[in-house]
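What follows is subunit A paired twice: with subunit B in the first complex and subunit C in the second.
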Partner chain A sequence: MLLLGHRFIRWACFLALFLIVVQLLLGIEWLWGDIQRYRTGDALDAIRGYRYSIWEILRDFSVVLSGILVLLLLLRIFISFKNDRIFDAVNIRRLRSVGWIYLGYAAVRIILLVIIITCVVRVSGTLPLLHRLAYGLAPVSGYVLYGLIVWVVAAVFREGLQLQEDQELTV
Partner chain B sequence: MKQTSHRRIIYWAYRLVSVWLFFQLLYLVWRVFTLVHAANSRAPFFEHGQSNRWETANSLFHLLLPVVILSLLQDLLGSLRKQTAFDPGIIRKVRWIGFVYLGYALLEYVVFTIVPPWFTGQQRYPLVYGSSLLMGLLNLSGELFFGLLILALAGVFRYGLRLRRESELTI
Partner chain C sequence: MKSLGVHSLSSVLRIIVSVCFYAQAAFFVVLLLIITGQLWLQGERQYTWPVAFTAPAVQKAEKVSQGISAVSLKATEGQLSFNGKNHWQLELFTMLGIALVFGTSLFVTLQLKRILSSFVRDKPFLSQNAGRIKAIGIALLLYSVVSAFFGWFYVHFLNTRFAAELNVHFTLHWDFVFLLMGLLVLVIGEIFRIGAQLQEEKALTI
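Up next, the complex of A and B:
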């Protein structure tokens, strides 16, 4: 673990912990605001006549949930780095789970987006559907890319694990 | 020869990324074409889904990121197919992906928050948007967060490189 440095790993763990707390606090504040707007029947910004629905709450809930899950997994990965377990089968599984969470979040977001757009179009009738879809799909493709990159990193970790096992056998 | 699971993942990821990059390039060309057409037709930009030229530039800027990342990823996966992952060249490529994400997050802040008021006279509140840069770190959708994560994981690859060198010395 000398190349990464224990100080770096400790800071990464602190950062992950800090982000988990902030994510939790912001998420609670965010969801509470959503629920209040839903209960009072507020209109959604920039879309005339469309009011907050349960789908917006679900969308925001999926953001908070996926964020906390990813951070928890990363925290556990960094803790195991700190304990000198780098190319470890458990870490590979965790990394792949991070990839799955990003991909799953992208899928959930696409489904919720289609539902929300359908609701919006039903109310406003004039919303350019293709534009909304195009703008909505752009960030989703970003999550798919994140998932893919994390999967590739996990595949490299697997190669590292094989190398480590080979070296242990040689020794 | 039977492929190991991580080799299979890299092989399929390479194919997926190649196809994705092709379509992303096609989409980019189509967007540039429609925006040029809109600019030449002298129609108000709003009719074409853009409220002003800065937002046009913004949408093109956002389209460039996946193209750059996908080409870097394709290059990386192409190298991973041919050689071991723990090579200085490969680690440099992984770090590049992290740096592109970081650079994108910072450039987006400078180009679309600090610069526009000088040209358009619109107030964009840099401090508020500065906090949105921080939010990019806090909510995990941010390129800033993902760039840092990739750089941290690239640091782990250096440990793999050391392992490989030790293994070669042992043999």
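Up next, the complex of A and C:
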């Protein structure tokens, strides 16, 4: 119970917010950086032109937006733990929303990946290598998996809510 | 589609996690066999290390120091390739890196596999599950801290051995997402412990 106490939540929220701000500052580096620079580790970035950077900005924007939404929902869930009512119908809805955000983000990434690959094909005249396509799709499959796992956790919360209501009725 | 029980989302996830677990284990064994086989049969082998750095697109150097040759830095892949011969430090870094990544990954997927198996049996709130989830959280926190320390030594080694010849500066890439995930998973573990308590109380009442 100590872990869910008021102090832990407050510090966890502060830490999460601090880290997300750092992440955002690192993520929006392109705002003042050279937009055509090479970025290590991302094969698709090797071929890049200003005309197509709008899709990359959208990709980065979707990262930031989904990150903020997930963080806000998680913060509201953690803050609701302060009332010592862990299993709550509102929290179940929030968790399911987190799952939907992950799945939605994965869908956006797939659409943007297709657009970026089309751009790469137009610029270079060749299709990116298969392992490079797999490199772009790997994180997407991860987000789909996270979304499904969060849904299962939401279902477990529903079980917990039933148990909690049964206990309250018994008392 | 229902989320818990047989023929549910949990059972689909359990299959995915099981496939991931066995694929990782098989890949880990094959990787170890290749590494030890190359060392025993040839005495020299090619290394491909993931790196983060600031540099022009492609850099090459024929020989940087004793036992290391044919060095190639691929900016677009974020990889440093080179041939090494009888170099214990190279093997140490390779083995420690592989052990760190695979050790954590195999441990986490094994625990997930066990947790999802209990979900398929429609018994999510078990005290063992709370313990397993906390173990995952601690593993992620440890991974985050150990990988930061390991990364520091790794980057120091790269900068002393390769940086001058390749005219690049290797930088530390520490992903704090694992730290956040570890904390989050610890909280989920605590929630499962409370759920397990409720379940036990219900069983005692009946």
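Just so it is clear, the second predicted complex is superposed on the first by the 129 of 171 C-alpha atoms of A that agree within 3 Å, B and C clash if a C-alpha of one lies under 4 Å from a C-alpha of the other, contacts with A are read in each partner's own complex, and residues count from 1 in each chain.
In this section, a contact is a pair of C-beta atoms (placed from the backbone, for glycine too) under 8 Å apart; a residue touches a chain by one contact, two chains touch by 3 or more.
None of these values were measured; they are calculated from a predicted model.
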Original post:
Thinking of the overlay built on chain A, is A:70 touched by subunit B (first), by subunit C (second), by both, or by neither?
Top reply: first
Original post:
Which holds for A:61: it touches subunit B only (first), subunit C only (second), both, or neither?
Top reply: neither
Subject >> Partner chain(s) touched by A:163 [first = subunit B, second = subunit C, both, neither] >> reply: both
**OP:** Based on the superposed arrangement, let me know which partner A:100 touches: subunit B (first), subunit C (second), both, or neither?
**Re:** neither
Original post:
In the superposed view, which residues of subunit A touch subunit B and also subunit C?
Top reply: 1, 3-4, 12, 19, 22-23, 74, 86-87, 145, 148-149, 151-157, 159-160, 163-164, 166-167, 170
Subject >> subunit B - residues contacting subunit A, complex >> reply: 4-7, 9-10, 13, 16-17, 49, 62-63, 65-66, 69-70, 73, 76-77, 80, 84-86, 94, 97, 137-141, 146, 149-150, 152-153, 155-160, 162-164, 166-167, 170-171
**OP:** Provide the residue numbers of subunit C that touch subunit A in the complex, in ascending order.
**Re:** 2-4, 9-10, 12-13, 16, 50-53, 57, 75-78, 116, 119, 124-125, 176, 179-180, 183-184, 186-188, 190-192, 194-195, 198-199, 201-202, 205
**OP:** Enumerate the contact residues on subunit A facing subunit B in the complex.
**Re:** 1, 3-4, 8, 12, 19, 22-23, 26, 63, 66-67, 70-71, 74, 81, 86-87, 128, 131, 138-139, 141-143, 145-146, 148-149, 151-160, 162-164, 166-167, 170-171
Subject >> Residues of subunit A touching subunit C in the complex >> reply: 1, 3-4, 12, 15-16, 19, 22-23, 38, 40-43, 45-46, 74, 78, 86-87, 145, 148-149, 151-157, 159-160, 163-164, 166-167, 170
